[in-house]
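Structures are listed in the sections that come next.
Both of the next two complexes hold chain A, though its partner changes from chain B to chain C.
Up next is the complex of A and B:
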């Protein structure tokens, strides 16, 4: 019975990697590994905890169920739920004196102490996401896939569809894939959509005139956004030990791309905040990226370890450019920790340039001289580097199920993209480092 | 002056031709390199293992994508960038 289950397990796993390969255009398919018949579900589950020092904490759970049918048709259903709490940078710049801000809802205020980065500590959100994907052979060497996506949070709704076609040729050593996806999002933020460049209203929210004055800083209750992605991929088996993939993707985003919770400080010539205005981003963004990945299986003399190396270059018409280098080394450690156990160190390096309209603050003088068009002080579209360091440890249980645990450290280091700093800011930390810990526990079973 | 113009035209043509030859050579070398790439079906023992799949841990990838989508200005590349908020 155990043997039968293990055999089935191996077959299903082999078939799933084939399925994943076909879907991602990585159709390195072994005929001998092709499963004959399946009528069972494979379940992958994971729980992730993400925690930033003094800022946001998130907990996320995923359950992914995959069913394989006799004729190589595959159904995947995925359920994701996450919850988020904590404080998030509101965009305003640090000051030598305490600062008072109005909450996004317009109800109540919060104070940031002198010398501290302004954080809005009212973030709280719960999200539920459902994904369904159907993959099947269409003809000899052709695999098609279609899927749907639904994501709902308290103030956000995202609906999406996707389709993918993979074509294998040259004895399935090469695969070309074409992908398309479209997302339709609706954002109904707490407090409504703020009027771009309007001053944040600060004062007594219990005052009888408050509601009317606050409404004057709003333009709508909700807004929407459409994202269309095109993906062209090419996968090539190099030899028995090596496989490579190259992707080009184009993404067109239209609609409300501004962050309604972010503001920009307006400073006087000394650098003292006089006002806070709501940010505004363009309502279009065209992104492109080139991605290359290679996997190499080392020989037994190097412990049969597997190197996974990838690089992405992204550029867009907001003039953001980014480099992402990601590497993992899968090292079997059966001799030390038992059969099918492994450790996998992970290093990721990320660097991005600032959007052309990013500025850490604006000034009263600048606003008077030339009306602002687009402006954002959100550090996430500013210049920064980030590094992730971590490791994963996993093993097979006696019943054939997989267990793994992953612990990582993530650090963002925003940098000055050439902006002058007024005297009031000279002794303050204008670009604070963000540190986070990522802990993930995964369990897969049949 | 006309001589200079002719020389320039000649040079441009020469350069174009050179480029074409280089391109042809590049494509040919690429194709002949391709001919040596790949494996026979019975040589897929290592490639067929789940650890050698390009997306060996799709759940890890989904979780990572969500984190980096929310915290950085880039998304996608390996697969679709997708929609979503990332406002925190």
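Up next is the complex of A and C:
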């Protein structure tokens, strides 16, 4: 057995190189047994538009850069910027007459017309977010990952760290993963932190006594909260067509969990608003969730499509329980629209029970009888169902880059969790439906 | 014909195995993304089986059979066939007629089954006029194969399929991939951490005259390996071993050719052709290889 290298030139090898290049359409390939490293950045970018009918609109830009290093180490940097404008429900209930509210800043007022859901239309925010994640093999079958998170809004700062460990076994057909993350958030809302249950001050904000009276409804300039999440995950390859995943997560949140912009209407026995008080939520929340997902790759006779089905059950000590059923079907349509193109219909169903302290309104009677502890009329922690219907279309460009577009319709339907409706509200829409459209355009390149 | 593939988890990534072109085939992918693995498996096997169906001379409906059964009439060909014919023609010219895809007619009289069944001159002579790629006329869209002649793409189809698979795989992913079709193989690049692929080149069967029967391990960072020569296909008479490699000009086996030659090249089709052309040089194989600026491994008889 001999390995020989020779320096003398002849033309057979060179001519073959040209002939092979012509046959394969690659041109003559001259390099040989050359070392190649993976030092290119892969860039993913996405632009998302979210628009609720008559309410909030959001625009978001995401740029994610991933670099794979020689030792299987992966660095991912993600930058997100989003801007939110429009009107958001302030928690007060609809009334048969116009209602006047003070803006959260304490400067100026806004009026909601009779029969309309009260919306604070000064909602405006810009947020920038930076995430960095480093992943690397630690030992045979062990992969570790650490990351940092920074998010800044005009009135909000969030700092976070996370660490994950994945262990592969059974020839990598099974993976057990453990995750930990901790977030430290500081909220500095305009107008300060309102005093729970204090009445919203309504009147002439130009009056000389206004500032003093308004600050009497405030308890602080800022407050904070801490979130700790633990995750236990198990992924199992069932066979070459099927992969399943199970996750359990536990989340402990402590601190200021109240929404400083939300109020609760105080109604008289006929249902007419007498007052608006600032909401209060517990300063602790323990949340748990179980998640199961399966992906199934159908054979060529079913167009090589991939079904992705998942279910999540979430429950917490606020007594909120929710079910999420999510299904996507990835259908390659290379025959119709070219190489690597696909369409992916998406259907998601969500059902949520109300928090134990949720109530759409309170009454003058209730307030006098026993002092309220926790109360919120925020429909987002009330009873509701939501459905998402949409589709994504993606394809490869000639230069190998990926492009995709996603269009979805989202509808939230709040429902009555068994509260009586006073007579004044009988002809009004107490639980308005929220409809939204989501458009996302993504582009990935190397 | 079993047109199925299997996917098995490996130490680092997955192995796709299937059977094509009369050989066991495998694709190694250094990734744990099963969706990607399935997509690659579909793409690669589709391509290999497509090439097999199109250029096998054993399949009645193949383009190759269509050409061979055209009875001297002109038939239409597509661009891929035109490019393959061009490549074969260039190899024919570069080898001064030694590599010839029309030489398959000699198989009617030569059967390399390990016996002493040597063909006679009387059998060979009438076949020689039916050999010579220069007698086949082809253009961009058409070909005329003279009556009695036939084409055999067997000497280039497998290597061509390897290169096609590498091109397809690179378009799908940057993950390191090795495509091995019955011993002719190529990689998309080094494995992660800039590690080479370890490739075993199968040992010859042990014979009295050859004790060197260990598998040869080659480390491959980039490029392709192809091997020509075969231990199992030969004739043996009067103490003389007749290799299965035939000289299309004389119709007789090439004498004193190495048992096998493995060549490293940027693309598999080049590697395969250099190995085959070297083998066709007989005792001059080593000299031919030495004149090329290539890395090669050679097993002598």
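Of note:
Going forward, the second predicted complex is superposed on the first by the 409 of 446 C-alpha atoms of A that agree within 3 Å, B and C clash if a C-alpha of one lies under 4 Å from a C-alpha of the other, contacts with A are read in each partner's own complex, and residues count from 1 in each chain.
Quick note on the criterion: contacts are C-beta pairs under 8 Å (C-beta built on N, C-alpha and C of every residue); 3 or more make two chains touch, one makes a residue touch a chain.
These numbers were taken from a predicted model, which means no experiment stands behind them.
Counting the residues of chain A touched by each of chain B and chain C gives the higher count for B. In the superposition on chain A, contact is made by A:184 with chain B only, not with chain C.
By the touch criterion defined above, A:306 lies against chain B and chain C together after alignment on the C-alpha atoms of chain A. In the superposed model, A:275 lies in contact with neither chain B nor chain C. In the superposition on chain A, A:72 makes contact with chain C only, while chain B stays out of contact range. Contact with chain C, but none with chain B, is seen for A:340 once the two complexes are overlaid on the shared chain.
By the touch criterion defined above, A:243 lies against chain B and chain C together after alignment on the C-alpha atoms of chain A.
Shared-chain residue A:366: touches no atom of chain B or chain C.
In the superposition on chain A, contact of A:295 is made with both chain B and chain C.
Of the two partner chains placed around the shared chain by superposition, neither chain B nor chain C is touched by A:116.
Within chain A, the residues touching chain B in one complex and chain C in the other are 13, 16-17, 20-21, 24, 26, 29-33, 171-173, 237, 240-241, 243, 295, 297, 306. Chain contact summary for the complex, chain A toward chain C: residues 1-10, 12-13, 15-17, 19-24, 26, 29-38, 40, 68, 70-72, 171-173, 237, 240-241, 243, 295, 297, 300, 304, 306, 339-340, 396, 400, 446. On chain C, the positions that touch chain A within their shared complex are 6-11, 32, 34-35, 37-39, 42, 83-84, 86-87, 90-91, 94, 160, 163-164, 167, 171-172, 174, 189-190, 192-194, 212, 216, 220-223, 264-267, 269-270, 273-274, 277, 286, 288-299.
Chain A meets chain B in the complex at residues 13-14, 16-17, 20-21, 24, 26, 28-33, 44-46, 48, 50, 56, 60, 62, 64, 78, 80, 82, 84, 88, 123, 125, 149, 151, 153, 156, 158, 160, 162, 170-174, 179, 181, 183-185, 187, 189, 225, 227, 229, 231, 235-241, 243, 245, 247, 249, 251, 259-261, 287, 289-291, 293, 295, 297, 306, 308, 310, 312, 314, 320, 322, 324, 330, 342, 350, 352, 355, 380-381, 384, 386, 392, 406, 410, 412, 434, 438, 440, 442.
The part of chain B that touches chain A in the complex is made up of residues 34, 37-60, 62-63, 66-68, 71-85, 87-88.
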